[in-house]
Amino acid sequence: MIGYAFMGRVHSQAWRNVAAFFELPAKPEMRVICGRSKEATEAAAARMGWAEAVTDWREVVARDDVDIIDICTPGDSHAEIAIAALAAGKHVICEKPLANTVEEAIRMAEAAARGPGKSMVAFNYRRVPAVALARQLVAEGRLGEIRHVRAQYLQDWIVDPDFPLVWRLRKDKAGSGALGDIGAHIIDTAEFVTGQRVVGVTGLTETFVKERPLEGGSRTDRGTVTVDDAALFVGRMSGGALASFEATRFATGRKNALRIELNGALGSLYFDFEAMNELWVSDGGAGFTRTLVTEPEHPYAGAWWPPGHGLGYEHTFTHEIKDFLEAIAAGADPSPSFADGLRVQRVLEAVEQSNGAYKEIP
Amino acid sequence: MIGYAFMGRVHSQAWRNVAAFFELPAKPEMRVICGRSKEATEAAAARMGWAEAVTDWREVVARDDVDIIDICTPGDSHAEIAIAALAAGKHVICEKPLANTVEEAIRMAEAAARGPGKSMVAFNYRRVPAVALARQLVAEGRLGEIRHVRAQYLQDWIVDPDFPLVWRLRKDKAGSGALGDIGAHIIDTAEFVTGQRVVGVTGLTETFVKERPLEGGSRTDRGTVTVDDAALFVGRMSGGALASFEATRFATGRKNALRIELNGALGSLYFDFEAMNELWVSDGGAGFTRTLVTEPEHPYAGAWWPPGHGLGYEHTFTHEIKDFLEAIAAGADPSPSFADGLRVQRVLEAVEQSNGAYKEIP
Amino acid sequence: MIGYAFMGRVHSQAWRNVAAFFELPAKPEMRVICGRSKEATEAAAARMGWAEAVTDWREVVARDDVDIIDICTPGDSHAEIAIAALAAGKHVICEKPLANTVEEAIRMAEAAARGPGKSMVAFNYRRVPAVALARQLVAEGRLGEIRHVRAQYLQDWIVDPDFPLVWRLRKDKAGSGALGDIGAHIIDTAEFVTGQRVVGVTGLTETFVKERPLEGGSRTDRGTVTVDDAALFVGRMSGGALASFEATRFATGRKNALRIELNGALGSLYFDFEAMNELWVSDGGAGFTRTLVTEPEHPYAGAWWPPGHGLGYEHTFTHEIKDFLEAIAAGADPSPSFADGLRVQRVLEAVEQSNGAYKEIP
Amino acid sequence: MIGYAFMGRVHSQAWRNVAAFFELPAKPEMRVICGRSKEATEAAAARMGWAEAVTDWREVVARDDVDIIDICTPGDSHAEIAIAALAAGKHVICEKPLANTVEEAIRMAEAAARGPGKSMVAFNYRRVPAVALARQLVAEGRLGEIRHVRAQYLQDWIVDPDFPLVWRLRKDKAGSGALGDIGAHIIDTAEFVTGQRVVGVTGLTETFVKERPLEGGSRTDRGTVTVDDAALFVGRMSGGALASFEATRFATGRKNALRIELNGALGSLYFDFEAMNELWVSDGGAGFTRTLVTEPEHPYAGAWWPPGHGLGYEHTFTHEIKDFLEAIAAGADPSPSFADGLRVQRVLEAVEQSNGAYKEIP
């Protein structure tokens, strides 16, 4: 694993526990974790259960006893690490967004296509049982032809203008702001659940707080925010649906509200990650059914606890790792692939460039 | 009153009951109702409590014993009736959207400005106690600077492709479809609650079912739907907020979901008409408070029942009539005025013409 | 109508509007209202639409031009007025609880049985469309054999210890406290929806604030509260279900939360009056469907507005009056009858006497 | 650890992960797991991360390299194992209910009091962050004097009359049915959150389905259900509150609805485990605030993920183990103690014996 911060912690939790709940073709061994600071990486390794800690990712990629590389770094290093790892014959799972630019994403997708290693981009919300169930219902035709997609990802962690200028607010590290960080998730979720592609968008982005305190600096020492705080866009899907999207870090009081609603000719469904164990489904009558997606027959749920004993955020990563390992063992292409990640990247770019004009997605 | 269908029924209910709950400067007398069919209009008059029934609106406008004209007809006749009534010195309340075109709306607003009668456009949702409370909270600064407006009006009554081609689906009668019928409400609600204007929009409209059975015809006798089924748009508000809007009659399972969420620097609020007695408010902490807007100190609520004994749809009209009568008696300009209705009309036109391009509102 | 306070206002609203929405066998005429204060009664008459105002209920009962007596007074006068009205051949509708004692209720039920006038006790919550739909679903067998009834009526209007000693807190006027005022409603609702009778109970009552300021007196001038603040009881239903009941005026933050949940062998349902247009129904799967009870085919709903345009508290009384008028015209026994009211009264008495011991209902 | 079924799995998950998220005084080592079947226990050990698997619990208790015994067996063996382990100087954590009878529970509490090992009964729901926050709010006086406790634990897993006669439905193994299994949890939760004791109860129990298919037998091979399916009771708390309790496995459509509402003089709170990351709090105004209990300052939450990234069922056990280890290291008495477990046992016995009569808790 490369990176040991937030994403590193949650991926580690998945690697450590996946074999206790799922019958796997091979049990993962947590060989080595890599970070820039020797001391911090060693502490992380001890805490999270990695056998070794190193500081040079090239060394990890070069090792013979490593089969899988898990990339949990900021977006500016994804392309270099992933391409090197694929070239070394490793399987690669990479955090989202796939890259900071379409150009990088194209190179990554090409490297992934060359193989022989398998690759996956970590859109973990596909592995929420309720989201997986939503896709299943759509695929079975239970909603009929889809007319509307309504997707939002609402957070509020930078509403305070004195929140510092962390790397996620710098274009050179993060590529974009709310758009790439959380907008990417709702674009992927919309495409995943509907089985349709976003074919064109028009929208607006905004940076509400244009300067922020530098990290580690005094409060008056400020730098420029170089990414968007919010992105709103509407678009068309390949199957004829209209779609609306909104990603923001300024939705005061909303903490991690990834939401999606679909309206079809026969039914509808609604999901909000803040109540992640629930899926609301309408069969076209006068209401929506709140389904607790914790029944044995629901996706992933049967491996865990009895009905009504809900799962949490981290389980989405455990499911992701499980699916990745199964795909590798089967010689199948994991989903979402780097090609899926590239497609999302193209939508992100179109939104960034839109400024109120309609852009078709190539 | 001109018109006795859906809107006529609910306006009549307001006229009949307003004096029983509010201390009014003058008690309304329900003098005469007008419709095209003599028989049906007489039946409506008997049922709804009007003293007389006539079939020529010009006759009503000409009467000396009529002070107020209430226009409940489809949009294609609003301009002619309202302008005539204003010219005859009457006070006029007119259903929304104000007109079918910006040109008509301009002429109506000009007639209203000339007076001497007062005029009002019937955006009744302003008079939901929860919506009025929302505006009050914003005006008091409780939410701080508004960053996001998120407005939806979701219905599903024409999802069935065999639903007939009623007047609301014909451009010549209705002007537009979901956009003018329900989109107008969320534009007005957004402007009312925030105290800001929509200054520019980009969006998409769609007609999902392009042909429908003619009314009274056989099922195979079909005509062309000449209005939109759905309209999605994003825009900017005069105070710097980003706004997203969606109006659709194809949101299967959603019956009358007029929803609005505001996110400000200090707090947020959320409303859904399907639970019309509730307002959800966040003070910026980790949650939203579900407030039952039925306390004596809440707008309009004190006139009715004890806390927790909710109101219904029709009460919004009773409140509207009360405010209209008070404004007339005070010689004040009722709100929303025809000028407000014109502004909404300009936004509707911009959305209709957008087709994915950004349009500034004049 | 005898009485013009809270209940008088809401009954008047029902009498004034019922004919505008329902096809009735006869259109009611609001002849005369009676109260103790001449001036206040006249003001009420003018406001609510009654032709005359008088101060002696015996005079009203004696009039030939009055067919129906509507009793909206406190419980201590119900028996005398109702029995006199029935003796005079009038039809009688009487507010709940039917009486202040079982003995009074027996005499009233006997008078009702003698006729010839029809009689009804005003358990208005039976006429919430969602509650009527609940009964219908049970009657159709959709829930299977009922195992659990879970009923609560939660209010909070006397939590403040300085709230005055109003008549509802005095045993001589009100008979009992939360028990008779709101506990009566949930007993009736439970019996109505299930079609079963309460056959035995054990429970507890409590008066949390034992002294309160006298009305009109100084704050230090206090009197003893002679009724319960809360009543909790569990019991058995005639069909084998277990039932729990709780009525309280000390549920801080709950305003008018009349709730009932049924669990059956095949399904469940849940209702909360604070969201009165919703019924939650489970078919035994992994969730509950939130149904908006505003569809044309739902009880009472078709007479009003389109789907999703909710009703309010007062409409329950309009429906009650409609059903009462139809029963009178048809020569049928209105429901709930005085006999139903007596049965509720017996349960109230059993709870009052229980003090933790099981009491069978005669 | 003794036992490897449902509870063994979830306790193992806690032992395996606790050190990755919490700074502990000592890192637990998962030495040995014990079960009746050698093969199944070995498979469980391999899967869940235990170093060894054995089949005789006495051997485990006798080992020098074992400091802590975790008892995850059915209730009929709790007393014997726990008392032996305590006698051997081990620390003991024991699943709930503490025992199958009050007599056993007394002996266990006495053994615990003798020490020197520390002991804890595993009422895991105390460690839901929202429940811990609820207790904190009450302790800080935010709700004022508590007047009402309303607790329910609703499941539906045996509604089907063909569900087999598993050990939880046999008195010899389980002690009681819904009462001891889930009723125990709400009694403990009510006492924990309020800081008050249940001092008396009156209630009813029922077995709706009296015979069920034997496990492993044919469908017609049936045995008698010897425990309750449901238990309803009302009672008084030591601080003057009234309390209602309901535990049932026949609440069709409710999966794991452990709910508690408190109403105090100043405020209220409400929790439902089916939405375990939410706590609803009222400050006495017109509503309840839905708080996502995922903020860094909330109990336990800061150790995990960012706000809005919820936890699941298993985390309650991780928190429990963390608190247990901290108490052992500090030489403090863990909470809930065996004495707490005994007190719950006395309430269970009183409910079992009540049959509608009031029983004081010794």
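Here are a few things to note about the model shown:
In order of appearance the chains are A, B, C and D, and numbering begins at 1 in each one.
One rule holds for everything that comes next: a residue touches a chain if its C-beta (ideal position, glycine included) is under 8 Å from a C-beta of that chain, and two chains touch if they have at least 3 such contacts.
Note that the structure is a prediction, hence the values are computed from the model and not measured.
Each of B-D and A-B has its own count of C-beta contacts, and the greater count is at A-B. More than half of the residue-numbered contact pairs at C-D reappear in one of the options A-B, A-D or A-C, namely A-B. Chain C has its Cα centroid 36 Å from the Cα centroid of chain B. Taking the mean of the C-alpha atoms as each chain's centre, chain B and chain D sit 54 Å apart.
Computed from the mean C-alpha positions, the centre of chain A lies at a distance of 41 Å from the centre of chain B. Shown for chain B are the residues that touch two or more other chains, namely 254-255, 278, 285-288, 292, 294, 307. Within the complex, the chain C residues that touch chain A are 278, 285-295, 298, 307. The residues of chain D lying in touch with chain A in their complex are 6, 10, 12-13, 16-17, 19-20, 47-49, 155, 157, 254-257, 273-278, 292, 294, 304-315. Note for the complex: chain B touches chain A at residues 143, 147-148, 150, 152, 154, 156, 159, 200, 202-204, 206, 208, 230, 232-236, 240, 242-244, 246, 248, 250-255, 263-268, 282-288, 355-358.
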